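Notes to accompany the following structure.
Naming follows writing order (A, B and C), and every chain is counted from residue 1.
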Amino acid sequence: MTALNTPIAPARVLRTIRPIPGLDVVGHVAVLLVILFACLAAFGPLIAPHDPNAVNLSLSYGGSDTEHPIGYDQQGRDIFSRLLHGARSSFLGPLIIVAAASTAGMTLAIVGAWRKGWIDATLAGILDSSLAFPGLLLAVMVVAIVGPGIQSTVIALSIAYTPYMARIVRSAAITEISKDYVAAARVQGFSALTICVRHVIPNIMPIVLGQAVLTVAWATVDIAGLSYLGLGIQPPAADWGIMLANGQTGVLQGYPMEAVSAGLCLIIAICSFSLLGERISRRGEAIAA
Amino acid sequence: MGRFLARRIIICVLTVAGASFVIFASLYLAPGDPISFLTAGRPSSPELRAALAAQYHLDDPFLHRYLQWITDAFQGNFGESIARRRPVLDLIFANLPTTILLVIMTLILVVVVGVLFGGIAAFRRGPIDDGIMAAMTVSLATPAFVSSIFLISVFAVGLGWFPVFGPGTDIGDRIHHLVLPAVALTIAWWPVIGETARASMREEHEREHVETARSRGLTPQHIVRRHVFRNAAIPISTVIGLSFAGLVAGTAIVESAFQLNGLGSLLITSVTGRDFPVAQAVALLLVTVFAVTNVVVDLLYAALDPRVQTSWSRK
Amino acid sequence: MSLLSIKDLKVSLPVDKERRVVLRGIDLELEAGESVAIVGESGSGKSMTARAIARLLPRRAVVSGSILFDGRQVLDLKDAALRRFQAAEMAMIFQDPRVHLNPVRTIGDFLVEGLVNTRGSSKKAAEHKVIELLDEVGIPDGTRRLRQYPHELSGGLLQRVMIAAALASEPRLLLADEPSTALDVSTQSDVMAIIDDLCKSRGMALMFITHDLELAAAICDRTAVMYAGQIVEVQGSTDLVEHPRHPYSAGLLGAKPNVSRRVQRLNAIPGRPRAAFEVQNGCAFSDRCRFASEECIASEPTLKHEPGGAVRCFRADDLILNATEGAVL
């Protein structure tokens, strides 16, 4: 009762935040940045001070002022607002890709690791040969058929990232399934599904999570790249990849602010996701071993 | 050895066959009938429609069509570009030199920079190692199209050392035009080689056989060259082979960023311009290159590691 | 003058930001052509002693004391002089030849590498010489072996290759770090016999590191027993096996319970071996020694020299130790 009546002081909230044990300083910075980008993706469009698509050609390449901290792009749109809106479109695609690739990859890998034999052998063969085929190229081919747009690129990249996820999960699952407790549970008559869902999957989850966070980083690169090439998200949407493509014209005319700011956003985001993903993976491998 | 090689080549052929089938069949996955898809809403004369029907053997059964198409393709007949009304093969030949030169320049840069800094990081623990590791993380997180734009901004527009766009004319000029694109790709790919070089050299240097070499009074230079680097060359060259495909795919992005007439930019313009025969041909070509690369990587692995040769000849 | 004279050798290694002592003062002499065994449990510092002599300690190891080889201070050697010492004066054989040979280079490369690079002999002359050496260590078809890779040979053959490589530089001191431990039981004795024969016939001094006291006694003139980074006893090998002076040596000899006498306690050493860095005051062995007195727990004994050897025990003169019948006060 008292808890409900006591107003939550900011200082109290802050005090509940503690360093994560076993994580280094860089890891903590990465966690904070990932949280920041997640907030931007969720609330960016709400806190953006201006309409990202309000064109004002008289302000083309205008410099920064108090209300427009980064200035204006070629069409006189507020770069800062466009960056905030861009966060959502830059992360939404990768998030769907990661969810799809993780689910599909995990299912394939665990079925293969559990059933062994020809199913696993065929699966391993397909996974190995598909790794030689860059996801970017697959996405380009899908766009060639279905036409440009975020849906086609997300579907293509979900397929392209499935083998990467499956490969990592497969080796972890094989080690986990060979452990004694699985044999013991089998002898006791637990079904394969129960053992996998209750024991195997939770135990390899840190590895899956690490790989998933890394995949966010690489999928962000790919989606932004495809949008930059005009194959992904289509203008005039505010997206970091599109801002880079638009900004390239500005660069040539000596106004690099749009391209530079969108580029830096991408680099920092990818850096934080890959640093965090690496650390989770390492921790997961240590736990599994 | 021979049997292993034969198996690898069969897998390679199967991969190309499978991928080519997917590339071929993808035309029929597209919404609408193939002819309207191929013409993509352009005004089309009855002659063009007839030519397309003949080129794609649209009146034949499906499998027969595929066999025709793949036979034509391996005889160098990829049909005609719909957008440019030129044989696809001519377009590929016109665009091939830029891509090959770009890939060679990038490979040299990536290997030299990656092995050099990876090696320095492996042996210089402390701030130098930390610095190189941080550089690798940031560099790896910088997509090639972002670094392309940054490089254009600084070295082409700002300092004026390099041209902004285009492929150049004679060979020297071409190389000059390709420096910034190659650097942009190198920024994205050297950390891949660098991390492997660092990890494998460090691991090899702590191996027991290096202790043996030290106990025999051999010089550190000799040990690094003949034992550490020689052994680390195995994982390093494997990673170079594995990143080759990604690197070639990456040329599509930098070629577009620098408006070079390469194979990658040809693929992108044909996709955005809905020029399907060209996209099909380039994709088939790239898949073949990747599959062959895989075989080459295996051969390289065997050439460098005697243990693999033995296990192959036993099989 | 001794060929090798070690005085108060102390070594510590960095482990997770702190320093761990691994050797707490080793004193040992080795005459030219003599063989001495260093016996101890794993972690006692016996391998570290050999590596200190060969100057193979990790770079951040802190070393003090003195190692004189033929009057020269080994610990002060640097760069080219150090490499000359390693290449010409000593050779080392390691426990597991399968990991101590570079897997991607041929046996021939390995064998001639030292001669070609540190002696400046031609490749041809070096190959001629190592084929003869292979014959001496019991590998007759040397020419064929030179072209093979380590994974194509058995562990026993590889250890013979290591011995041949050690002999190639004609060293005066051979350091053998458990050279037979990692091999099949059937080849262990062959390898030990080859080392024994070759050292004797060539007048090479041998420092043989092992955990097997009986084997040490069979091969070496003298035996030193190590515990927690110190030598606790040195004696002629036969004397040590028959009349151990230190309770730990007696314990190592595997004193067995004797049914004819009513012994309440087993003679197997209780507790676990102490690491050098764990030792505080008193004798390092005191917590496992059933003869330990208050003095043993309060202060640390020194290595007392006596005729025929040395022992580090306050109670050495009170005890009559017998390896087979248990200890008698």
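Simple rule for what comes next: contacts are C-beta pairs under 8 Å (C-beta built on N, C-alpha and C of every residue); 3 or more make two chains touch, one makes a residue touch a chain.
On a predicted model such as this, the values are computed, not experimentally measured, just so you know.
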item: Joint neighbours of chain B and chain A, given as chain labels; value: none
item: Furthest chain, CA centroid comparison against chain B; value: C
item: Distance between chain centroids, defined by C-alpha means - chain A, chain B (Å); value: 24
item: Chain centre separation in whole Å, for chain C relative to chain B (CA means); value: 54
item: Junction residues of chain A - those touching two or more other chains; value: none
item: Chain C partner contacts - residues on chain B that touch it in the complex; value: 207-209, 211-219, 222, 226-227, 230-231, 234, 304-307, 310
item: Interfacial residue positions of chain A with respect to chain B in the complex; value: 125, 129, 131-134, 136-137, 140-141, 143-148, 217, 221, 224-225, 228-231, 241, 244, 247-248, 251-252, 254, 256, 259-260, 263, 266-267, 270-271, 274-275
item: Residue ranges of chain C touching chain B (in the complex, touch as defined); value: 54, 56, 82-88, 91-92, 94, 96, 99-106, 113-114, 117-118, 149, 151-152, 162, 165, 169
item: Contact set on chain B toward chain A in their complex; value: 11, 15, 19, 23, 26-27, 29-31, 137-138, 140-146, 149-150, 152-153, 157, 164, 242, 245-246, 248-250, 252-253, 256-257, 267-268, 270-272, 274, 276, 279, 283, 286-287, 290-291, 293-294
